[in-house]
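Residue numbering begins at 1 within each chain, and the chains themselves are lettered A, B, C and D in the order written.
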């Protein structure tokens, strides 16, 4: 039981604001919930908060801030204390649209996070009112019709201290990791819930800091991932990796680059972790060389490309 | 954050031991993990414990015991104290195959539960060793190939006190419930995780006590539920409700009766609850009369049939 | 080998032109290819002709004309001769948008058909140009995104003579039929191809003439039919029968009423008939009482409702 | 309208009879219908004939004979005359299990075919009797549970004359082909029905003669192809190409090698060709370099590997 309820919203930077917005609205099928200056707030039809993605125009790409909602006010305070004890805290902010006081900090690699508890629940306007009252918003079905933000994969020059910080200070549970022959930890899959991954760290091939590997948005079925690939092609979205199944975490994926350059995944599947004593699965180098679940070799860029670009 | 990790294993009684066993092995596709006297221990390919179903020959049908695993030894002790404080405790047992000391109690309606923490993790024999090391067992694909026990729906003469007990003493979270015009609570959907339902109470039409509505086994896709319906028909399993989508919890279902008379569901889908402050959705009588998600009227027996049969 | 290549386009009447058009464009996801007076010509993304549905404003509902394309000019002439020999011909017309000279006739029940061969193939405008050149149009993915017209089910006061005419004069192959205990033929499923049904006759409960049971539009997967049900609900489309599997022809279906009152099916699945000597499957009354493939009882209106309404 | 009803049965050679048989029975899920000497006759649950695959022990791999059923006795005679006129006929044989007199010939590349009309329809034994009478056999659901043989892809040192022979003498329709910059035809996709491909010729990288590229077996859904990949992995079947979508013919595929070395596809999807005047789609070299439908680069062996192996 983690004291983190879930991650998100996430703020994403794009040097091509208009094209990126068109991608998230027309291709991914998200709704514009609000606008503020250079930012547009976007949501999937299953997000209970007002938004899960804040898209901000910038001179570069990458992730600006990753929100983490605590389970309670007390949980928030305990996590803030732990972060401060780790010497990584930066202090309280007023929060953002739809959320209250937030505590800003950086992970060892330099990514910016904000911990918070108070939120505003989403209220659908008339044209987005759902037919089923246990659903936050109408299912419009536009584009890929992603349901919600699912997980975030960040890059780190050195994975291990970031994983340790996430586990020790934030309370994430480690479900899977990769350890190379030289002892380097090249990836760590963590979760605050029974879902097999929510926060992922993988090695930055350039040893750069604070970069993003990808944001993943959820759909309920593998068929929707396959359909998403058709939509990506029809919208000239660059597909980096066509739909298939990961060995690690067993998620079903489609990876493409949004116009601003950030890697976006449409995802579903994976397994649930019900065992409170679940031991972390450790993959070695030989096992990783077998490829993904169905022996597909991962495309090279998947191990090197991140945002913002490296000079 | 509940202190219950998950429910199960469940002990199910059957007056037709051989036919019921054939159903769970050949139709649902479970594996026999062990046998002991009149009982056979069965597992899905995704169960991390040795088994999730104990099938026991008896002169009647219904549920004998529902296990509940606590998150930790301390959580177990706190839950036991809460149950004892509610005056419903019956005392410690030695547990069962693959699990340690267990605390036996009854819910207000009379169903028997056992709370425990210590378990033995499953180790696959050679012929059931999986190709992916993050999976407990090989995917054999026999029959419906259910992955694991997902949720349990019990009947209660009076739902409300049972729901209150589950929330207050056990720490379940209430996600949805039905309240009739006369104020009666006719159903309550609760969970210890982000899954939309794990423990369900619905009204017993006969005001009988301790009866079972159904056990639900998980598959990963809706296509597998549709395929399960084909297999049910080919195996002469009585289908009570063909595949469709529930309004409540939005689960995708197939209901049939196993040879011993117990109602079994093959299920997938539903939504995840990430909001720690999630308010319970309350459905009224008029809303329930609209039928299921796609306006299918539920077959009458679904509201009356349970096991063991009422005299 | 029938001399009919396929059926369609079909002309459908609606007393609610605007709402019906919104249904076919926004919910079914068809494109407007042309307009002419009180008619709008609509197409699915997989139609090779310019359109498969001509929607015409009228004071009532129902089917105005069903097109049948012959395999060749010679096949057309032979079929026309056969129709004339049956005494049901009405003569040549100039055709319609995108098709040449057409021979008009009525089946014994009175439905109007037009036989033709010459057509104009669809050329996609820039914004609908597909990424794959073996596809007539871009997959836009709007609404149910139906691919093409699949089959048509008309009602007849007496099924048998219509089935005999379709087989003898038009050259359809009979794959399945229902024969009641009194010898009445209550349904006949015919095809001009390996697809299990294209032209269906079922009994008109009111012994009325020339009425329509439903038009069926194809999607490639069962998941899209399930998704269509979600979209129907969100758009307040009346669902008459939620997704399930027919026993006859084994098609997977969703039935709803478009705003003009006509029954529309979203369909996929079924089997292919590769045997040139395939004997027709004959279902008797007892077998039909078992319900659909998964023992779902068909809703009563399915056996009585048709368009236009009976006085 | 071709005068060929469909292809199959196919006789496949294997140097590892026992392992190959286990693959077709346990992994693909076919039934053994008969045995005769070194051959085992196998069927999918949807095959209307007694079998679609004859597996024969041999000192090598590859395809021995490909059957082609004519639409009628007259069609058979016309096709035999056309084959004889092309100078490729070898004469009549007594046929094989479940089929009558057959006319043996070779295509220009040297593959052996047999044309026939008379067949014995399959009658299911008690334990394989289906619940739906419009289905030849019970759906058992074992392994990949392939429904029937779908298409065959043979290799040819020179594709063009073989394609011309198939179109001119056999009456196949050409739906798609690839033409390289030097004018070479490197692939041709043909069909005798509305299905997008049944008989395929592609270039033999070694300019060898009479080799097989792959046999494809049909399943009804893409989800079953994904499930088949899980089963291949769990059974240690070599996956050459994980599930994805072809650009040509748009089929959804999974390719693996059966123990005897022959490439086997599990397939579904694709489009239907309803236009009797359908022009063949011609792909050029640049278009093929884009990869498959979702820009997956085809693995190199797919363009070189065939059976029997080249010395």
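To be clear about the criterion, contacts are C-beta pairs under 8 Å (C-beta built on N, C-alpha and C of every residue); 3 or more make two chains touch, one makes a residue touch a chain.
Quick caveat, the model's predicted, so the values are computed rather than measured.
K.L.:
Please give the intersection of the contact partners of chain B with those of chain C.
P.N.:
For chain B paired with chain C, the chains in contact with each are A, D, in label order.
K.L.:
Between copies chain C and chain D, are the contact residues mostly the same numbers or mostly different, with half as the line?
P.N.:
The interface of chain C with chain D is built from mostly shared positions.
K.L.:
Starting from the mean Cα coordinates of chain A and chain D, work out the distance between those two points in Å.
P.N.:
44
K.L.:
Which whole number of Å gives the spacing of the CA centres of chain C and chain D?
P.N.:
One centre to the other, that is 32 Å.
K.L.:
For chain A, what residues touch not just one other chain but two or more?
P.N.:
132, 221-223, 230, 233, 293
K.L.:
How about chain D: which of its residues touch chain B in the complex?
P.N.:
130-132, 138-143, 221, 223-224, 227, 230-231, 233-234, 236
K.L.:
For chain D, which residues are in contact with chain C within the complex?
P.N.:
Chain D reaches chain C through residues 1-3, 5-6, 46, 48-49, 69-72, 119, 121, 132-135, 148, 175-176, 193-195, 220-223, 247-250, 269, 271-272, 274-276, 278, 281, 283, 287, 293.
K.L.:
Residue numbers of chain C touching chain B in their complex, please.
P.N.:
Spelled out, the residues of chain C in touch with chain B are 222-223, 226, 229-230, 232-233, 239, 242-245, 292-296.
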